[in-house]
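Look for subunit A in each of the two complexes below; its partner is subunit B in the first and subunit C in the second.
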Partner chain A sequence: MFHLVFASTLVESVGFGLVTASILAIAAVGFTLQFGVSNMLNLAYGDIMTAAAFGAYEVNKAGAPLWVSFIAGMATGAVTSVLLHRYIYRPFVRRGTQLVGLVIVALSAAVIIQNALLAGFGATFFTLKLPHTSTVHVAGATLTVLQLVIIGIAVAAMLAVDAMLRRTRLGKAMRATSGNPALARACGINTNRVVDTAWLIAGGLCGLAGVLLVLNTASFESTTGSDFLVITIAAAMLGGVGQAYGAMIGAVVLGVVTEVAAAYTRSSFKEVIAFAVLVIIVLIRPQGMFGQPVTALTMNKEVVN
Partner chain B sequence: MNRLVLRNMLRLKPLACLCATFATVFALSACGSSGGSGGGGSAGSPDTGTDTLTFAAFNTFSGPNATFGPEQLAGCGPAAQAIVAAGGVLDHKTAVCNPEDSRGDPADAVPAAQQVIATSGHLVGVLGPGSDEAPATIPLFNRSHIPMFSDAGQGLFDKSTFKYFWRILPADDAVGYAMALYAHQQGYTRVASVFGTSIGAQGSAPTVAAGFKKLGGTITTAQLLALDQSSYRSEVAQMAAAKPQAIFIELDPQTAATYLSEVQQLYHQVPIIGTDGTTQPPWLKAVAGAIGKTTVQKFYVGAQPYAPTTGPAHKLWLTQLHGATSGVAKPVSQWENDSYSEAAWDATNIIALAMELSKSTNPIVYNTYITKVTSPGHVIVHDFAQGKAAILAGKAITYVGTTGPITFDQYQNSPGSFEINKSDASTVKTYSAADLQSAK
Partner chain C sequence: MSQAVVLYATTLLVYAGVDIMACWGLNLQFGVTGIYNFAFIIFQAAGAYTTGVLTLGPDTANGGFQHYIFGSTWPFPLPILMGGVVAGVLSLLIGLVTLRRLRSDYQAMVMLVLAVIATLVAENLATFVNGDSGLALIPQPLSNQITSVTGYQWWFVAFTAFACLVVYFFVRRITSAPLGRALRAVRDHEYAAAALGKNVASLRLFSFVAGGVIAGISGGILVSFITAWSPGSWLYVETLVLLTAVIVGGMGNNFGVMLGAMLVPVAFNEITRYLPQFGRPGLIDAFQWIVIGSLSMGFLWFRPQGIVPERRRKYKPPAELGVGATGAVGPGAGGPEPATVPDGRL
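Moving on to the complex of A and B:
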């Protein structure tokens, strides 16, 4: 009897974890793409997610269908990311600002975006209007149709990223730029354009993750995305920073561990356990599950020059 | 700025520019604020100035509890504007109420409080601090001789010895007993307790559980949730497995919206009995957005300090609230029956009347007059203008505000009654302090 209850709880929490993992995977892949091609730790990423959610909210409020809100959110994320990179981060990198300086700049950008959203929309909570969704039982877990849609969107997005990285010239150029920017440039790749495009795509993923996040949380405000930043970075690190496939696996591990931990321990321990898993894995493999060993983390100034 | 300086600035590295900009802004703000007459630090100086008197709504304006600050400001702002309209306090014709963000976290609140003390103009009173930052910042304001009317609910302030600490709202532990009593009277015997991990949420969690057990009930699950997660499905499944008849709850708006929407998806909606933290409009807006307005109206009640919704003081409060030209978050109607905004309005009036009565804006002097303006048996006044007129006519006054009569105990607390309200602010039950004894 005990075993049955235990197994049923486990299956249920794994199912719940997959929903969280889906959102996390999209966010972490976007984050790691940006980092992979430009070595920029974009700490404003969570706030861009929020900005995207507000973009979707405005369109949703005007009565547009949900899929249009998704596109609006992705567009907001993409445009904000490119502008942020081109007009704030890149000038600092070109001037040779050191890693700590860039982190401060990124933190400043995060604060600016967050407070601009607070000033623009006010200190209150917002909800995207949704059609009523029914509940379904899938492999022992109870999920709503919306949550299944979230999982479906995540799978589609991951397949699209995979296809883009493996089968398109752009994807190959991104991988080349990520691996060795100087060599990529010597081979005739316009690394500036590749980096801009990577930020555009990653921003779109960031926006998509932001919209899915606020659909899942049911309500959001100006700090909702920033609360999701740490676990996004953790998923990216777990998989190996700069490794898109690693970020996907890292997201699944963290998403599932978080929910399983909540099912068997106290809720307040769920992040403790998830991050303990992260620390243990990084202790064993400092480069993450799929990352290449690195000797030193340096800024690729030449990427954007 | 001449061209040479500008060119040199442009040659600086961007980070240096950023630092220089921060430094300039900081210096300018320091210059701008030095025009006052010393603020709280000048407590011992005689009242010879005619400068603007500053009230500070020191509470949370950002983060998970960002609703608390606007709530204080909605009371303090209209009161300050009415004080100005009534000719000001003594020779000070102008008064303002400034929003000061404590950020809801002790680590951020301490420097924020120090900044308020150091840079505010003639700071005469603080509306706050709230529960999240009170233990860390009350000693700072007290040391600077700044009277504060706190909305902190912790029981540890029930017997406060801080000379400048005042509270005209009941403590959180009393909220817990009111919730327990209401659940018992509704016939519930199995209730789940769901609270957040913030400091502010801990005040009523123990007493709601203790009170409900004393009344014969069972807490089916006692959950302490990490705030602002993207999902609480596993926690909801745990809670639902114990089949509670109702939920005792205090969570920030976003967490509550996520949790309760998942309750609706995975279980079925059960009655929700919230603390006073859940009675604020942004909380109700977030939750209504997640589970539907009609569901909230049907299943939710919240306990909050009782404030009459009729009477002359309430009428004055409504007039001044709606007449305020700035500082009140829209829609203004959301604050009409918010007992925390009403308490902030009362507190601002009391501080101003204490200054008027003591003929001093020196807090060391007027702090001791706060009990004199509220003590019973004198000419009853309901706002600053009425009080000022009576004082100028040489009469002793009893201030009875929109929160009702205020009687401070030896610890400068004025515990009042509680009401259980629905989401449309209609009252379903009122409990006096004596009623709550059965749950203690």
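Moving on to the complex of A and C:
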């Protein structure tokens, strides 16, 4: 009897884990794509997620169907991300601000966006209006249709990113810029445009992740995105920062581990366990599962603008 | 002066002292050595919790409404000193993990993640340091010896000032010595410092632990004064306030950092306290954070060297000092200064 209960809890929690992992994968892939191409640690990423959620919320409140809210969220994310890069990060990089300064600029930007949202919308919880969804039993786990949709969207997004990176000229240019920006420029790649596009795509993925996150958790506030940032960074680091496929696997590992851990311990411990996984990985393999080993050459990469 | 004014002024002075100490510690790590410590606030918190549990007594006291470990009643100033020790040990452990093999922006990420883990652990372990609600009713040191309320306040100001002086001489002893030169060399040109035979990893670790001890002591003093401490008071963004103070004042310059600590966390928070309440609740707080963020960005753009920039240190070439070009550098010197001189830009 005990084994049965144990097993069903495991299946249930793996199911929830896959939902969390789906959202996390979208967020972590966006984060790692942008970081890999530009080397700029964008600590405002989580707050762009919140901004996107508010964008979707406004459209949703106006009575638009759910898919329009998705597009509004993605657009908000993409636009915020590009504006942030164009008008804040890039001028600082061009002015010669070094890495320490840039990290502080990013943290300041994060605090400003979060508190601007707080000032604009107020310190309460918000909810997206949803059509009624039914539950489905899949392989012993009970999930709502909405959760299945989230997993489906994530799989589609990951396939799209994969196709983009592998099959398009833009994807090749991104990988080249990520590997060696000077060489990429010398080969005639317009790295400026590549970096701009990376911020745009990362912002879109970030917005999508933000909308899915607040759909899954049912309610959100101005700190929801920044709370999610840390686990996003953890997933990206687990896979090796800049490694899109690493981020996907890192997200699945973290998503499942946190939900399974939450099922057997207290649910409030799930983040602690996720971070413990990260700290262990950092100790054993600082470059992440799929990252390049840190050498003198890769130690201090310049920020590409 | 009326009693209210005295209470207000003395409280401000204690806050100023604590912030100045903390900023000196952070400056040692960040301004002088170039370590991105985005988890600085957790070392202050470690010191505060240690001091708290070592003065509160066993957790059956006060009707046992709080749960924490290691409760005992150590005599003043031991709990505060122990706060420094615990924060130092914690920074040694964290420094050993993060400072050695990680790229510098990875370090920033890991520090940020650690700061969040620390908050989550303190919030969720209800029996560790009383979880989410935190510690309260922490006895003030020697409060039974001094009966007058204002007298006690002034006594605490004097004690904080004394602690500031000790911390200042400690920090100054490091930054003006050859050791400080070696730390600045690590900041400005890590490989040049290593090529000159400096042990970069151990220099970084030294600066990290020294800053951690100072943070712990500042936390201990703060908690002895305000008598309560909870996870809400040390969220990771609080480190941004201290970083902003260091940048505004002038990183690498102890006097500038003191000025920054008085301007940003102290003066700024006090001015906004007197703004008339307007808008919805939380609106002023939100604006306060927006201004803090804009302040650090604005300084990084317009005046990255801060109000009082780090002194440019000039050294005469060895020939003018009467030492042969191939000869040894003066006695006790930590090695020649690397060729690059900081231009005050972050």
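Criterion: the second predicted complex is superposed on the first by the 295 of 305 C-alpha atoms of A that agree within 3 Å, B and C clash if a C-alpha of one lies under 4 Å from a C-alpha of the other, contacts with A are read in each partner's own complex, and residues count from 1 in each chain.
By our rule, a residue touches a chain if its C-beta (ideal position, glycine included) is under 8 Å from a C-beta of that chain, and two chains touch if they have at least 3 such contacts.
All figures in this text were calculated on a predicted structure; none of them were measured in a lab.
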Judging by the criteria at the top, classify the pair subunit B and subunit C on subunit A as clash or fit. clash
Could you say whether A:197 touches subunit B, subunit C, both of them, or neither, answering first, second, both or neither? neither
Which partner does A:144 reach: the first (subunit B), the second (subunit C), both, or neither? first
Could you look at A:230 and tell me whether it touches subunit B, subunit C, both or neither (first, second, both, neither)? second
Which holds for A:41: it touches subunit B only (first), subunit C only (second), both, or neither? second
Touched partner set for A:241, first subunit B, second subunit C, both or neither: second
Touching A:271 in the superposition: subunit B (first), subunit C (second), both, neither? both
Could you look at A:101 and tell me whether it touches subunit B, subunit C, both or neither (first, second, both, neither)? both
Among 3-11, 165-173, 237-245 or 327-335, subunit C clashes with subunit B only at 3-11
Across the two complexes, what residues of subunit A are contacted by subunit B and by subunit C? 91-92, 95-97, 101, 104-105, 108, 118, 122-123, 266, 268, 271
Subunit A residues touching subunit C in their complex are 39, 41, 43, 88, 91-92, 95-101, 103-105, 107-112, 114-116, 118-119, 122-123, 230, 233-234, 237, 241, 266, 268-269, 271-272, 275-276, 278-279, 282-283, 286, 294, 296, 298-301
Note: in the complex, subunit A contacts subunit B through residues 9, 12-13, 16, 19-20, 23-24, 91-92, 95-97, 101, 104-105, 108, 118, 122-127, 135, 142, 144, 213, 216-224, 227-228, 258-260, 262-263, 266-268, 270-271
Complex contact set, residues of subunit B against subunit A: 13-15, 18, 61-64, 66-67, 69-70, 197, 223-226, 228-235, 237-238, 253-254, 257-258, 261, 265-266, 282, 285-287, 289-291, 329
Hey, which residues of subunit C end up touching subunit A in the complex? 30, 34, 36, 38, 97-98, 101-106, 108-110, 112-114, 116-117, 120-121, 123-124, 191, 237, 240, 243-244, 247, 279-283, 285-287, 289-290, 292-294, 296-297, 300-301, 304, 345-346
